[in-house]
Amino acid sequence: MNKILFSAISKKFVMALAGLFLLLFLPVHLGINLMLLKDDPEPFNNAAHFMATFHLVKAVEILLLLTILVHVVYGIILQVQNWFLRPVRYAVRNKSETSAFSRFMIWTGGAVLIFLVIHFFNFYFMKLGLVDGDPENFYSIAYQLFSIPGYVILYWVCFILLGFHLYHSLQSAFQTLGLANDFWTPVIKGISLIYAVAVPLGFAIIPLFIWLLK
Amino acid sequence: MINLNAKIPEGPLEEKWTRYKSGSKLVNPANKNKIDIILIGTGLSGAGAASSLGELGYNVKVFCYQDSPRRAHSVAAQGGINAAKNYKNDGDNTYRLFYDMIKGGDFRAREANVYRIAEVSNQVIDHYTALGVPFAREYGGTLDTRSFGGVQVSRTFYSKGQTGQQCLLGAYSSLNRQIRAGKVTMFPRRDILDIVVIDGKARGIIARNLITGEIERHSAHAVVLATGGYGTVYYFSTLAVNSNASAAWKAYKKGAAFANPSFVQIHPTCVPQLNEFQSKLTLMSESLRNDGRIWVPKNKDDKRPANDIPEEDRDYYLERRYPTFGNLVPRDVASRAAKERCDAGYGVGKTGLAVNLDFRDAIKKQGKDAIENKYGNLFEMYKDITGIDSYEEPMQIYPAGHYTMGGLWVDYELMTTVPGLYAIGEANFSDHGANRLGASSLMQAAGDGYFILPVTINNYLSGEIRIPRIPTTGAEFEEAEKSVRERIKKFLSIKGKQAASSFHKRLGKIMWDYCGMKRNEEGLKKALVLVAELKKEFWSDLLVPGEGADLNQELEKAGRVADFLELAWLMITDALNRKESCGAHFREESQTEDGEARRIDSEYSYVAAWEYNGENEPILNKEPLKFEFVELKERSYK
Amino acid sequence: MKLRLKIWRQKNAKTKGAFAFYDLDGVSPDMSFLEMLDSLNKKLIEEGKDPIAFDHDCREGICGSCGMFINGYPHGPVPGLTTCLLSMRYFKDGEKIVIEPWRAKPFPVIKDLIVDRSAFDKIQIAGGFISVTAGAASEANSILVRKKKSDEAFDSAICIGCGACVAACKNASAMLFVSAKISQFALLPQGRPEAKERVRAMIVEMDKQGFGTCSNTGACEAQCPKKIKLTNIARLNREYYSAF
């Protein structure tokens, strides 16, 4: 029974579920971030405050952290295992046709993870009181960060890579969950593309707007 | 002389098998566990028999030369598998299937065996369907059938163009189930180099592990050969390039009679030879002849591209000579006609050894889509191999060696003349006479494996239950292993100049030219000399690189070619002996005024079972063929 | 045609292999890839050298014996073909061709280009069958199967077990192979009674044989000579989850 529960497919199943949950969270985060476009810091700070204090959200937050952890840990474990499955590598690069970005999930995922860590230092840990700063004024912290060109470039690069990650992840999660067939798979791939462009783009335009308008 | 007792049960044709089953001895389930059976080959008959014997409770050891049992050459059968289900309500029944086979085999098969295979044919379809073989279906969910191989009823079950693979995978899955159950042990990548006979009974084999080169001894209470045919004797054939006759040949040398070795079916629609290193001639399904028209230019020197040759300059020679059956004449007739045209200088293509198979008219009439629907995968395959788009220009085809009706002589129980040694499927001779009907090879192989051998073998094994597991240390095993080792040593020590395949190619050419579709006394006698010379040259100028204790594909080839050289000699001897034409065996001396085959029933209505006689001429034993239930008729396809 | 060949040579499973270079002349565009290697072998034998060992048998693309990694592609650069059907027409005069064996931990090299694919057999032995004893089957037409389902089952059943999917996959995953087998049985009513036991047993065995996980890159589908579809893998997953 253990072998069945902890089979490779079961691990992928957990990763896919975790990934889908994260995919649900991203638009919520984006919705709040878009409030940065307003001149008035109140709505954004209020939303951030609500997210930081409301009990139910706190519960979800713990779930979210666990999800990230599972997704990352399983992703790394599976990837490392897979790397060892070709002890002698091909002399000629494997040119087999693959779906876009699918071969680089560990790298795009890694980039997103690095960004996430920076992001945690900038905001989340502050909220937890682990680093100095005023958690009630994320609005000004965000504006401060977006005024640093280096940060914005890193931010953009990470979101482009996130887009790559997302494009494969949505359709792949459905495939892993067994929800794919000749009819729905093309539709899901279409949605993947829209999602993978729209969400990162949404995040990416925020510093641009701030620069242009202020 | 061997006593050829076919052990055919008494009684009316349709009751023989039932009577046999009622009267044959059984083995107690508790005793089956103590009995070992060796089975060689994992095609439809071998894998089928292995699983059935395992299901019965015997301990089965299965051997094949491939890396997996799923690769046996049954995998390549395209057209379908016959059964007398009468699903189309077109008047088919067991008798009609039996009669078509007897007639198709030109009255050179044994009535009782043929009737029995027709009888179990329905069970085969039931079993394969239950095993999950995805046969083609109608919209209502029932199984579809098609008409195949020139018969007038629709009795051929099929899985697109790869019925063989699908049936084989079904057989392989049932084999796997027995492997998991621990009743079957699989030994892949083994060549069978000798059969061990102890006190007149088959008791084991000597095998070579093809990876390590190790020589292994395996013992059993009975040995079953499911090793297929020997069509690769022609070098170019539709068979897998590693298909070989070695196990059957070793059985012959240990006392099993070899029946009708010269009965070889040449398939008319194969991709012709394109280059000097070509290794095989791929079969294009016979069904293509349903819509394709075969022709050559009327004028020998007409070197225009096929499409530029106008209608009046084309010779649709099959339609011309056989107005009733036209392009759908039986395989042997179509093959001979193609060879005749090419020999007369009318052949097309680079080598002049090909005829056109043209779909132009069919496409015009039915539309490209209809043709694509029917033959799309075949057209694709043809294009892959030749680069020619058959929608635009005719295919070029030529006959190639395909199926051997001849094989080890077996009685009604499928036992050879060596007690305890059985031959099933294409390896035996029993069901197809002098020619095989389309889609009946899968039927016979599966029928033998699943439903006949597992019944008949009990009758023998019931007498073996007191024999404990046979040790592999006896003198007979020692002797056999010694001779195998010596032979390998000999191959490696000749150190001549030519690789085994170059001998094989030359042997194939001799056989094709003199013992192929058309044979005559002069040519056959010449071939005897040529083969003997080639054999001598082989044993003095063979070059096998490497060593024996290692994976050595050249050594494998050498062993196979050495056996083919001997078998070829027997085939020619048999062809010389049979001075009549029958089925696929066409003796030019015995033809009608119109050039059709003429059977001589008064003299040749027998099975020629050849007995090994050392270095001397083999001994001819005759099993007379009595036709009690059918009337002998001449085939006519005019 | 003249070719410059770079071929993996390895004496046996225990020794370390290395590439060797060969110049081959007189290759005809009519040859198949394996016939090209035959001609090289003939030359090697005549020079007293060890010929290149490779698996092959039917030479018409159906037995699944052959397979090599050619210039970065399993079975070569032309989709839908096994190595034996790959024509030399697709190569240019003077081209350099690199030939490697399938590379995957579960497929250890036996010699030169021959690998051990018995892991595939073991997966099928674990459960790739319908448990019906000869003689027990009911009349074939008593099982009705919707034509569409039956055709789909056939499309999965055409897998020839060559291992190109594993060779192509960056994770050396056997999911396409296993899913094709599972799908054939899952789609047919005959296969339903033991569907759960089958999929569990085969997946456990697949893991035991050490194949990698599926990253849904689609390389297997792109390189499969029989064009087995990726949707089979989704079906396998579905079958697996519903087996609890």
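Details
Per-chain residue numbering starts at 1, and chain names A, B and C are given in the order in which the chains are listed.
Basically, contacts are C-beta pairs under 8 Å (C-beta built on N, C-alpha and C of every residue); 3 or more make two chains touch, one makes a residue touch a chain.
Keep in mind that what you see is a predicted model, and the values were worked out from it rather than measured.
Contact topology of the protein chains: linear, an open path with no closing contact.
The central chain here, found by comparing per-chain C-alpha centres with the mean of all protein C-alpha atoms, is C.
Looking at B-C alongside A-C, one finds more C-beta pairs in contact between the chains of B-C. Centroids built from CA atoms put subunit B at 62 Å from subunit A. Centroids of subunit B and subunit C (each the mean of its C-alpha atoms) stand 27 Å apart. One simple way to say how far apart two chains are is to compare their mean CA positions; for subunit A and subunit C this gives 36 Å. Listing the residues of subunit C that touch subunit B in their complex gives 11-12, 28, 30-32, 34-36, 38-39, 41-42, 44-46, 48-51, 53, 55-65, 81, 85, 87, 89, 110-111, 114, 116-118, 120-121, 124-141, 143-147, 150-151, 153-154, 157-158, 160-161, 184-185, 188, 190-191. Those residues of subunit A that touch subunit C in the complex are listed here as 3-4, 7-9, 11-13, 78, 81-82, 84-99, 102-103, 105, 168, 171-172, 174-182, 185. Those residues of subunit C that touch subunit A in the shared complex are 6, 8, 19, 69, 71-74, 77, 98, 100, 103-106, 109, 168, 170-173, 200, 203-204, 206-208, 210-219, 222-223, 229-231, 233-241, 244. For subunit B in complex with subunit C, the residues that touch the partner chain are 48, 51-52, 55, 66-71, 73, 75-76, 85, 87, 123, 125-127, 129-132, 134-143, 159-160, 162, 164-166, 169, 172-174, 176-177, 179-180, 186, 188, 211, 240-242, 274-280, 282-283, 381, 384-387, 450-451, 454, 497, 499, 501-502, 543, 545-546, 550-551, 553-554.
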